[in-house]
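Listed below are the structures to be examined.
Okay, so subunit A shows up in both of these, paired with subunit B first and subunit C after.
For the complex of A and B:
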């Protein structure tokens, strides 16, 4: 029931909402980013970060420090926080929290499957997986020899099983291009998540629908732009668009037939929220599109914290952390590669 | 060091002289040709050196750009994109071929790259980052181009360096060892021949002298005999034999058995 969450939410979710808001206040601010942008070496970055919440994670790293180490340790912090929250959660919050990580799980599964197809070592592949997306039987993915076995033996027990069965028959699994498979799975996941949020109702449904719709639309635009000029047919393209969001269904129709960026822009400018994004780009330029999308996403995620008593804050927090880790990676790489002038190109300030 | 340029040990005959002279001519011509080859190689060498310097400078720039393109791709597509790309690779699509080029007689290796088979990773980063990934790929292809060129230049540099050293060694050897040796041999042979000629001449002269003396002696003895002969004839006409008179006088000093007292 919308509007009455204030009465019952805190019974089960109050503690964790407080925890998440506490974590949110530990996100790096603009002042921190300015300091980091002024750094000359990775050692300086480490020093600045040790004053923030990342301190304990980076303290014990030996120098010379590498940019991938910084990213790894920050991700580790995120994973620790997530795990803490997950073990304190009850239904339906625990399911919600798990939904947040299915995206990474899909990436990991696809990674291991491709690796196995090309006969790589399982242990190496496991090390390369994203920690948020690990599940118990992930190592057994490498055992299966072809996709049918893969599905039958392993995937059927994972939470990802319904995505595989919904959109792909077992014959398709063998031939389909890995990227198409990844995107089909992701589309199924988004739709599933959307339905789950709708079921939860109330403020969660409203806020999450907005965020997920933005995600779906963003993916649709990216898929369109990136498949211009490749062998992806229009029908395939249409199959990868999710069936919800602002662009559904008319926008998707138009996007499916677009053949270059200017057509895409024409389509998107019909929708006011996206008009502002596309107006920032000059004609023919699409490099800044990704950054514009990230900025818009961060804006919407911050807005999610304005309301209380809903699960959207957890989703928003995870995404904001990931954006912060991306920012840190960008800053460290710029410093390490001596490209300090480009630092401000892509850092998205959260506050 | 004067012991270095000895002469060849040969029999100092005229034919050998002819042979050695021919060798000297050959050595001179070879020396001139090798010098020209060395100069041509040096010119090529300097050109390659200049190109190497400029290529290395631009390589620094380009590698920096490609690493940055990779960072951009990682930013947009997530850090794990590099893993998924790497795992999806079957075999290299950019390969390098080598063939040799002939420069002033030296075989220099040359590398060029070619694209073998199409890249099947066109759809990587479909949902996010596809653009950056393609840009990154283009940047790295340019880096590879430059690296292949640099590899060509550096191997040519080393090969040319080697060839120049060898050629210069040969030029110096011809100039400082072979030709002096041959020249010394020629002068030795000439000297020997002259000496033989002089010996011959001397011998001839000596024999002429002997012959003349012999003739002189014979003439003198013939003259003496002729005089005796004339004297004998005169004495016979007078009834005495000068010869026998001489004999009786000479025999008087000797004991005659017929005479008792």
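For the complex of A and C:
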């Protein structure tokens, strides 16, 4: 019953909600980002970060420091926090927390399959995988030749198994099919997550519906823009769009037939929430679209913390941390390559 | 005991007033404690989690727990007062209107204080949980949210006042 969660939520979720709100207070602020953007070397970055909550994770790193090390250690912190929350959680919160990581699992699967296709070493690929999306038997992915084998050998035991029913074909795996597989899996995952949140009901359903709908719409726009000029047919493109969200179904119809960015813009400007995003970009510019979408996402994620007694705060916190790690990676790369003028191109401030 | 008619209203007035009085006393303490416990667990779980990152909030936020506990104490006080109102009457007078009135008055007192304290405990508990989480982020918010809690705990006090007025006029018929 929406509105009465306050009476029973704290039985199982009160402690973890308080913990996640404590973690949120440790996110880097605009002042921290300003300090980091003015660093000259990676050592300076490490020094500034050691005053924040990342201190214990970075202090034992020997110099010379690499950007990948910084990102890896920061991701490690996120993984530790996630695992602590997961082991304290009961149903249905534990299922909810696991759902948050399936996106990373999909990315890892695609990474290993693509890498194997280009004949890279499995160990090297495993090191590049995101730690939140690891599962046992992930290394066996390198053996599969086509999708049926992929499913039968490895994926049938993972939580991703139900998402495969739509994309098993007998074709061999090549770059195009792998991208289609990734997007089909992600579509099934988003729809499943959406249904799960609706089943939970109450404030969780309302807040997560909004966040997931934005995610679905953003992916639809990205799929459209990335497939302009490729051999992806209109029907195939339409099949990759999720069946919920603000753009469903009329926006999807129009996006499926768009042939260039201006047509995409014309479609999106009919929807008030997205019109404000697209109005920031002048005609013909698509590089800043990513940053505009990230800013909108961060705004919505911060709003999830305004309400108490729902699970959306966990999802919002994980996403905000990932955004912070993206920011740190961008800043580190700019500093390492001496391109500090471009630092503000892609950093999204959270507070 | 043989009665002349068998309608529901006759059945009701032939339930002993002591039954009603005792149930009233049970509800006054039982449901008040339920409200207090409910409020304390809602506050306590948030307080423990928030205190991990911000240990300074623990001592101040015990006030929320104390407000919830006060609700249980109101229930105990009213129960003790109500049980002093129970007197024995000779069996010829058990079903007199005076007796019934006294029994019903004690029953109503118990319900009033019990349910008022139930919702008061719940209210103070939920506010206490939000108070702990806000205090952990920004310590200037604590006193302001405490004012809301004080208004919330006044609800239990209203229940106690009305129930004591109600029970004050519960007089059993005199012997003889």
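Please note the rule applied: the second predicted complex is superposed on the first by the 329 of 351 C-alpha atoms of A that agree within 3 Å, B and C clash if a C-alpha of one lies under 4 Å from a C-alpha of the other, contacts with A are read in each partner's own complex, and residues count from 1 in each chain.
Please note the rule applied: a contact is a pair of C-beta atoms (placed from the backbone, for glycine too) under 8 Å apart; a residue touches a chain by one contact, two chains touch by 3 or more.
Predicted model, so just to flag it, every value in this text is computed and none were measured.
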Exercise. Mind checking the superposed model to see whether subunit B and subunit C fit together on subunit A or clash?
Key: fit
Exercise. Applying the touch criterion given at the start, work out whether A:69 contacts subunit B, subunit C, both or neither, answering first, second, both or neither.
Key: neither
Quiz prompt | Residues of subunit A touched, compared between subunit B and subunit C (which is higher) | solution = B
Exercise. Go through the superposed model and pick first if A:326 touches only subunit B, second if only subunit C, both, or neither.
Key: first
Exercise. Treating the CA centre of subunit A as the corner point, state the angle out to subunit B and subunit C, nearest 10°.
Key: 160
Quiz item: Between subunit B (first) and subunit C (second), which does A:128 come into contact with in this model arrangement: first, second, both, or neither?
Solution: first
Quiz item: Does subunit B (first) or subunit C (second) touch A:25, or do both, or does neither?
Solution: second
Practice problem: Check the residue A:10 against both partner chains and state whether it touches subunit B (first), subunit C (second), both, or neither. | Solution: second
Quiz item: What is the contact status of A:308 with respect to subunit B (first) and subunit C (second): first, second, both, or neither?
Solution: second
Practice problem: After superposing the two complexes, find the smallest distance in angstrom between C-alpha atoms of subunit B and C-alpha atoms of subunit C. | Solution: 30
Exercise. Using the superposition described at the top, list the residues of subunit A that contact subunit B and also contact subunit C.
Key: none
Self-check item: Partner subunit C, residues of subunit A touching it in the complex
Solution: 6-7, 10-11, 14-19, 21-23, 25-26, 308
Quiz item: In the complex of these two chains, what residues of subunit A are touching subunit B?
Solution: 68, 71, 107, 110-111, 114-115, 118, 120, 125, 128-130, 177-180, 182-183, 186, 218-219, 222-223, 225-227, 230-232, 240, 286-287, 289-291, 326, 329-330, 333-334, 337-339, 342, 346
Quiz item: Across the complex, what residues on subunit B touch subunit A?
Solution: 64, 67-68, 71-72, 74-76, 78-80, 83-84, 87-90, 120, 122-132, 135
Quiz item: Once bound in the complex, which stretches of subunit C touch subunit A?
Solution: 38, 41-42, 45-50, 52-54, 122, 126, 129-130, 132-133, 136-137
